[in-house]
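Multiple structures are listed underneath, in structure tokens.
Here chain A shows up in two complexes: once beside chain B, once beside chain C.
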Partner chain A sequence: MAAESQVTIPQASGKSMGPLRRHGDGLWALLFLAPSLVGILIFVVGPIVMSVLISFTDWRLASPLTLQSLREDWVGWENYVQLLTWEEAHWSPFRAIAWRAPILLVSLAGLLWLMWRRSLGVIWGVGLLFLSAVLFGYFGGLIVDWEDRRFWQSMWNTLYFVGLSVPLTVAISLLLASALNRQLRGIAFYRAAYFMPVISGAVVVALVWRWMFNPSIGPINQFLGLLSIEGPGWLNSREWAMPAIIITDIWSKIGFYMVIFLAGLQGIPHHLYEAAELDGANKWHKFWNVTLPLLSSTTFLNVVLALIAAFQVFTLPYIMTEGGPAGATRVLVYYMYERAFDTPFRMGLGSAIAWIVFVIIFAITAVQWYARRKWVVYEE
Partner chain B sequence: MKRSHPLATVLAHVLLLAGAFLMLIPLLWTLSTSLKAPGTEFSLPVRWIPETWHPGNYLEVARLVPLPRWFFNSLVVALAATFGQMLTGSMAGYAFARLRFRGRDTIFLLFLATMMIPPQVTIIPLFIIVRAFGWYDSYPGLIVPGLFGAFSVFIMRQFFLTIPEELEDAARIDGANHWQIYWRIMLPLSGPALATLGTFTFMTFWNSFLYPLVITRREEMRTLPVGLSVFRDTFTTEWTLLTAGLVMSLIPVVIAFLLGQRYFVRGITMTGLK
Partner chain C sequence: MFKKFTSVALLALLTSLALAQTEIEFATWGTTEDIAIYEDLIADFEADHPDIDVVLNHIPSAGDYEQNLATLIAAGAAPDVFFINNISLPGFAAQGAFTPLGEFADEAFLEDFFPGHLAAFRYEGELVAIPRDISNLVLYYNQDMFEEAGVEPPSEGWTWDDFMAAAQELTQDTDGDGQIDQFGFGYSTYFLFWQPWVWSNGGQFFSDDHGEFTLNQGEALEGLQYYVDLRCEANVAPTTEQAAERTAASMFAQGDAAMIVDGRWRAAPLNNDPAVDFVYDVAPFPEGAAGSIVDVDGSGWGISSSSDDPEAAWEFIQFVSSPEAMARWTEAGIIIPARRSVGTTEAFISPDVAPASDEVFVEANETAIPTETFEGWGEFVSLLGEGMSEVWLCETSVEEGLDIVADDIEDLLSEYQ
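Moving on, here comes the complex of A and B:
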């Protein structure tokens, strides 16, 4: 009995060292880890460290990258300051805000008041604040001439893109997944159909939709013409280029999120619905009180994934509009690409932009993680 | 799965069919245009079935751009990354799940932390490093950085932790060393996890765009997505050729997807573990 437990205990508790294996497996670990460790150090950790250093320099690819050249080109926080403080534009934020400021303040006060009166949940309040920031950014972007304020323009453009594309993608894919989550004929067909854009890849999607949106000969405006509606200029117009890209993005992503939702839906135990039915719940009650709460961890995951992907959007604007017209679709990562990989190859400024994107994504994910406790329900 | 009211089923079908229609219509339109005679693609009223079939578009595109070469490049890059990450990921995963050594948890946390950094941050220094190795615009440059990834290590570690240790005990008593346990026992048990990780990696690298865009220059070194993006500038008005090229690039992917749908779907669901 005693001998038996001596053998079994170390195996059951995997982390503690048992009497049978007193010595560590250092050499074996080195063998097993070597490929990943070397690869990740050279191609991931190394670049991360270098990227921090480069972002504090004005290094421009012309000279080879050495410690010497880094020191010579060292500019400290200048890249960040230049990007963040409007200095890039020599432009006062107050002039552009002008008459919009009072409106913003009044609506802000109204929202805070509603939240204080508890007529509005925290999540809704934050959501509406976010929405107003997006709208403000959108109209700001349209009205102000952004010609040399490209960082803030790309920041607002990104917020506009994220603010519309993320909620719509998540909502539509949830709707589709709920419709699909029953005993239906042809599920395989539907799933394949919705998934087709995901496997086609962003480049093909962008090229197909660039053509769909062609104002004179594209199918969309031809169809609108049949309804006697004169379609907008889509990708050629400052107002419609971003909506066109958002539509394309939603179209290409819903299959992906739908599949994750479907997996989550199928994990909800059926007896809960039966219990709700016994209590006299109708369809809507069941969706609102059983499906949504039990699906909330999946929704959380999808929102986080969609937010991260949306902040990194690049391929669609790169191919469909090249950031145009007049920078209306220049998003943060596109701007980074433009700065770093176009003459004069300002790698320092590009790296600084990349880190700002990282900080934004990190902050939003952290906030989500915190808010998760408020709205994600775990089944005990 | 819920059993539902017939009316609800009909409603669901209507909604799903309308959605599927919207999803497929751009692709069907692309297919239809690729078969039209040049110059007839804009004729009104809209024709879904081409009046005269003109498969010559496909030959013309194949003559103008090295589509097979791009396809080959993409396949090489995606397959190398897939098998590379399956190997390096499962090896490191085994170390983190089964071996005892100093600094194990610290190194694992470091690996996890790298997953949070978006690829845009590393793309500039990665470009510089690869160029310094003399790998700019070459296969090693396209392939080598893709052979390692913290995500695959994480997935494989999580999977190995679910395998009961008793399975290895018999082998250990017979004197098998760690490599033999890993290679003969753990890997054969990891079929589903490897297949899922594999499809996911393949999909990621097949569609990867920004990295191959900055790391290649010559036409024959481009991957399919990068090559296709040039279509934008090459065929500004020849829509029949453009669409023929798109269809050709899609056919193999669609076939692969239809064959391995199960793993695609599981691979996606697995991102939930992230």
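Moving on, here comes the complex of A and C:
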């Protein structure tokens, strides 16, 4: 199919246009693209360039933004220095292991097992992130007195969020897709049901889950109470607030990734499964040796999308906890919002935070892009 | 068709040039009732001043108002006149957002306002806004509940000890299921509502020059800890769990709390709520070691520094801040008027409408002080929230909670010295 269309298109265009006219094509194309190009320049490129400039200033929102005000407020690298430097650093013995450690270690073990089993490059990346979050956040180690405590607090909180929500979201949506990838009566209902949260507004999701997690009147703790388990304070608890937000995030996102996985699953040729069966493969064998490798390009896409989305998490902590309690759910984008939109509206610092988040996302995506060659299988 | 259009446009252009219309944009937040009054006033103003058009920019959510306003200013589209509260005023004034009002507002004009209250609308000595309303706090109490429990109602000279004794009497398990379902006091964790406990104990948030953070020491710490203990130790106020998402005001309205500390704005909703089947009144905030000191904050109108026509803008401010205009919001029960003359009229003190002791609101101004705001107040509140979040959950003391953020707050203060 693909080869066919590649051949026919040049032929058709070659016939209809002479070489001279083709020379003018670029200009014509530009002219037709102009409306959207102008839009992109004004609404995308312009703000991006401005935010780079603003990140080098101490410009504050309550004063008019002009080229001259940018020059007057210019501070060079000061915002970046404030965010990235430390006042003092020393080695500290292990801190008490938080309750989260066991859960983190179990998931880490799962990740390591996956790596050993398939040596999946992406999982390496995620695993490393995860490992550093575990080491720094939970066991102590090098204790750094950062110049900007809240920036690094939000950095670790973000890594904690990314480290748990990305692998779990991708894994659960893959399992769901596999379960729903069959011809059953009413299967469309189930697929639609899992997709529902995706089309619900994030604010609505956050408000509903804030009620779900309410320790005294929320259904989650009432359900746990039926099992004679005393539920935690969830959003009121420094330990449980982030897991609660991660649970909500996973719930609201799996539908989206599931749909992409479903599309990938339906692209796997059936004869490969038949061949595997002839070789005596059971369900697991087929999943590990046929489904996973042939789905790897879809998995790659999903991991990239999920990582980018996870680094930009904002609405859930904003609505559910306002970054609390005690800053336990203050993530990078939320901190950016606080600095830029609370008086005195430090837009310069906020823009600098935004660019640091961009560099992190860019670096991780670049690493994944190169690692992709190692583990993503393309059907020949 | 096209010709017709151009001729109409030309005509419009000519007439507008002929009338030399000035257009001033006015930005405010406000409830539906509030805006209805503004719309009336603007119509009257335009009838009086045919050469001035007022465009009302209503930004409904008070929470996003400052961000919206700041964004308008950043974009060079600042409204000529904008409404602002004294707490966020320094954040804007420091960026030069205001036209100083010294040359417009003479002494005769300002005579009718409380000097202490005007001070809250000055920045570095210059008056930058004309106040509309005063928000201060008093003690609301449920008279029926006091009578039933046989407790003497609050009066002037009531101390914290009297308050505590009454609150303990009024905290009851009315249906005998082992759970408290009537509290002596409804609880709020927002700073506006607990500042009086700090100040009335003789403490301050900051040193006078905003050079030092003092909320975590001495009388200030003691006062705030006393307030925390109302909930966490004495349990005369509900914990977060006991309150189960109900606000202090809603618990008071439902008869689940005998007392709350609240502002004038609470009276209208209580009077309009058919579920409120009890008599209530107000009393001064109970006296601590340093007396009864509550917040006196408020909102007012300022002129943008980039206004093309500050004279027209001032005309408008004069109009909406006139005693007649202020009486309208006062009658509607929306505000305590910033003008003394309006505060002593029937518009404010109406004997037929609860609460009976309206004068308490005016008298509180004798000792009240404004919130200790400064340029970085927004960030301070977010740091304060971080430090206090586990204190409100009764998991740690005020001192330990504030320890987490004390360094950051000191840094913040030094940044704006």
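Methods note: the second predicted complex is superposed on the first by the 294 of 380 C-alpha atoms of A that agree within 3 Å, B and C clash if a C-alpha of one lies under 4 Å from a C-alpha of the other, contacts with A are read in each partner's own complex, and residues count from 1 in each chain.
To be clear about the criterion, a residue touches a chain if its C-beta (ideal position, glycine included) is under 8 Å from a C-beta of that chain, and two chains touch if they have at least 3 such contacts.
Fair warning: this is a prediction, and the values are worked out from it, not measured in the lab.
In the superposition on chain A, A:244 makes contact with neither chain B nor chain C. In the superposition on chain A, contact of A:65 is made with both chain B and chain C.
Contacts of A:174 after superposition: neither chain B nor chain C is touched. When the two complexes are overlaid on their common chain A, residue A:341 makes contact with chain B and with chain C alike. After superposition on the shared chain, chain A has more residues touched by B, the comparison being chain B against chain C. By the touch criterion stated above, A:325 is placed in contact with chain C alone, chain B being left untouched.
When the shared chain is aligned, chain B and chain C each come close enough to touch A:217.
After overlaying the two complexes on the shared chain, residue contacts for A:188 are found with chain B alone; chain C is out of touch. On chain A, the surface touched by chain B in one complex and the surface touched by chain C in the other have residues 65, 217, 341, 347 in common. By the touch criterion stated above, chain A contacts chain B in their complex at residues 11, 14, 17, 21, 24-26, 28-29, 31-33, 35-37, 39-40, 42-48, 50-51, 54, 65, 175-176, 179-184, 188-197, 199-204, 206-212, 217, 219, 222, 251, 255-256, 259-260, 263, 266, 270, 273, 283, 298, 301, 305, 308, 311-312, 314-315, 318-319, 333, 336-337, 340-341, 347, 350-351, 354-355, 357-358, 361-362.
Chain contact summary for the complex, chain B toward chain A: residues 1-4, 8-9, 11-13, 15-16, 19-20, 22-24, 26-27, 29-30, 41-42, 44, 46, 87-89, 91-92, 94-95, 99-102, 104, 107, 110-111, 114, 116-126, 128-129, 132, 144-145, 147-150, 153, 161, 165-166, 169, 177-179, 182, 203, 206-207, 209-210, 214, 224-226, 228-229, 231-232, 239, 242-243, 246, 249-250, 253-254, 257-258, 261, 264-265, 268-269, 271-272, 274.
Residues 66-67, 69-71, 73-76, 78, 88, 90-92, 94-97, 240-242, 244-245, 306, 375-379, 381-382, 385-387, 389-390, 393, 401, 404, 407-408, 416 of chain C are the ones that touch chain A when the two sit in their complex.
Contacts from chain A toward chain C in the complex involve residues 60-66, 149-150, 214-217, 233, 236, 238, 322-327, 330, 338-339, 341-345, 347.
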